[in-house]
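So the structure is just underneath, and the comments pick up after that.
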């Protein structure tokens, strides 16, 4: 049976690491954020050849320091949580692990170092920090709007996907496996590049027919890029309206659409 | 005169293949969907040279299996429908035929194999599957919104088309048939690539005048890409409103179409 | 003094050519439309080298036929209008002239032929044809929405223009006149290509600083492309609402926003 | 102690230079605008090699004239304002200085001339001119809409930034530091180019995995480009509604903010 002060100590640790309502918790989150960003910057700079040659050793040391700190954090997370396994196999648990493993692997296998870029995934923790800020409501708003429009967007994307597969296959036939259309997957890749108006130009139609089909595709893409926008805008307008107006129904005239701060029905004057 | 049990059997077959309200019907649709997708994947992989060389024979066998199954499906569709000819010359009937013919043609003519990519067209049947799902309402919503805005979009596209023909022709004159602007159709193709903001860069203006005209075009494109979005968004907002409000019916004159905030019938003045 | 029947004849001709409310007028418009489109197609095909070599003579003859017909049309327009000069110097008058002059010039100067592409400008007459159709209301709607948002769009474009001039100049400094940024106008051209998300790639930043600035520009462009869309969408929504609702004010309660077909005020039931 | 007429003279000068409500003030602003634009045009033309060689001397003289006038303007601004230091270190004060310094520097150091492009920054003064025009309200409208949506846009941009860092890092791993993905910053630059649908094509994926990830990114970019549009459109619609409706004041409790269709005050129930 554990000593009570151990339990108390663990709870404090848990609040600091997992919660943000205490000063310590906030401090921890900010510190972690700074640590993550600087570790990513180091990995970035190290990936540039000139810098690697010049400051390679410094970066190497820094990376081990970050690895050490992240390992410490990982262990603290493990001991301060009730069900460590649940954390280990949670989304963030795996990301936290991915951020430290490469360094240790690099001792055994050369090149594992390069996996350090996976640390970028830890950036996702950044959005935890927003939990503390007044950005929260706005985030909730965006998430709500996106969530309600998810279904429509999914269908839309499925339609586009079918479209690019068909048009890609047709282009493979038309361009006859040449001019970069060397396979159907490549042609589909080109179709996506075209319909999303990215247009790298690494693959571009050469035959007149190909150019004609491409032109039609661009017009289609031009037209349908409006669809997701329309969907999301409509949903946002709704979300905004809902946030402003409640759904209260007037007991007098039974009509709704009153403001949140309404005391009397604006149609018949009954007390709400 | 046919035996009744034959008729019953044909009706069951018809329901299974053409309808989706029975368990068998749903199962058939799902199976078909899986079959179509896997057949397309095989065609895709076969189009990649390395894979073709390594697994060419396997793909060949698989393609014949798919052809066999699709042929069987095609025959079943023929015998289970009242007017086979109507099906044969229907949109989906032709697609279903296009999906099996190439294999048989490839026996007579080499290269006909390549037409197998037309199987991608069968993907359109995917959207039949949605009929079974709760996606239906959303699809209807999107279709409605797009349909009501079709007219406006058409005009918009005609304006853009005129614009690209004129600007393309002008660029052909300006760039003097060089730098990829080798013909008016090519210049129009470039104009479309530019105004839709795809911008491959396979053709790009070189002369100062050309660059200036291109810049103006981009600004135009930047401005007018907003038009289809505006159209579709407005229509969607309307569709959403209609779906939300419904149409109250007046107890006095029985006519509907009143606003949500209406207190009295706007036709006969009766209290709603 | 002209004979009355001459006057009558001229009026009929005027109605046929300039108006579309008579059967003859409609027929004339459609015929002209067909003529314009086919003449443009001929010019297009002639601009393709292979075709020019093979069918050059045919195209040559056709072009003279079109020139003849357009000249005839031009003369008829001249004699059937009250103030010929006003027509000659009108927008369409100049376009109509531009469509026939090149052929005659080509007799004197070789190469003037190439100016035939200017015939594409006659496509603008296409939109006259819409006047006859049920597309009219939709066109009016689009024009109204665009017109009301013109002011905002203008400001927006001015802001973007300032932005690209400044950023272009900065990039010229950063890329040090190399990598395609050979002059400020070229750098501005690049800035426009970037901020409108066209992205040819004919000019692309190479220095790290340049790439950073470019990235920032893309984010800016990503954000502000939403502005014209927002403007036009809002205006369209207004236009749609106005078209649906009138501005009538109720004599009883003095509130407006009633439907066009409203007979009684929907708030207080007063006869409108 | 200054002579009163000196003070009066300074006040007049101050109004002329800093205000626009007097005729002189308006004239000054317009003159300045013309001066700025022509000076920028000269710098632009001078940056084009051919022109520099041909008209280099002319440009040189003009630049000194502009420098002289801008210096004069700068001095006038200094003496006509109460707190010169505050102006010197203000945003526009620094820009005004940046516009004249390069010329003087070029006497000491060769090449400083090139910094003249910084004059483009003075274009920002253009928007001061709008203060005089009826564009003001529209500008205020746009600014308001953008300001209210700033928070949401910021979050959105942060999400996109995280996304491109992660996806860029992953692509660096996938493309294995080749095909232009030579460093993580470069890969992130590519990710931004892709997700904003700019798509230069200077860096493009080559490996199948890379192309697949790129395709997914494009779809994401295709979907989320709708988000800022949705945000801004919604805010603009709100701004437009507020501007249109105004806020009726209740005769009973004197509070405003009632809906346009309100019959009774929602706070005290008084008939509006």
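Chains here go by letter, A, B, C and D, matching the order in which they are written, and residues are numbered from 1 within each.
Here is the rule we go by: a residue touches a chain if its C-beta (ideal position, glycine included) is under 8 Å from a C-beta of that chain, and two chains touch if they have at least 3 such contacts.
In this text the structure is predicted, and so the values were computed from the model without any measurement.
Chain centre most remote from that of subunit C: A (centre = mean of CA atoms). By count of C-beta pairs in contact, A-D exceeds the other of the chain pairs A-D and B-D.
The distance from the centre of subunit A to the centre of subunit D, each centre being the mean of the chain's C-alpha atoms, comes to 29 Å. Work out the mean CA point of subunit B and of subunit D, and you get 41 Å between them. Residue positions of subunit B touching 2 or more other chains: 185, 188, 197-201, 225, 229, 231, 233, 237, 261, 263. Residues 40, 43-44, 47-49, 114-115, 117-118, 120-121, 123-124, 126-127, 130, 135, 138-139, 141-142, 145-146, 153, 157, 160, 185-186, 188-189, 192-193, 196-202, 225, 228-229, 231-233, 235-237, 240, 260-261, 263 of subunit B are the ones that touch subunit A when the two sit in their complex. Put simply, subunit D touches subunit A in their complex at residues 151-152, 154-156, 158-159, 162, 165-166, 168-170, 172-173, 177, 182-185, 188, 194, 197-201, 204, 208, 211-212, 214-215, 218-219, 221-223, 225-227, 229-231, 233-234, 237-238, 257-259, 261-269, 271.
On the side of subunit B, the complex with subunit D involves touching residues 197-201, 229, 233, 261, 263.
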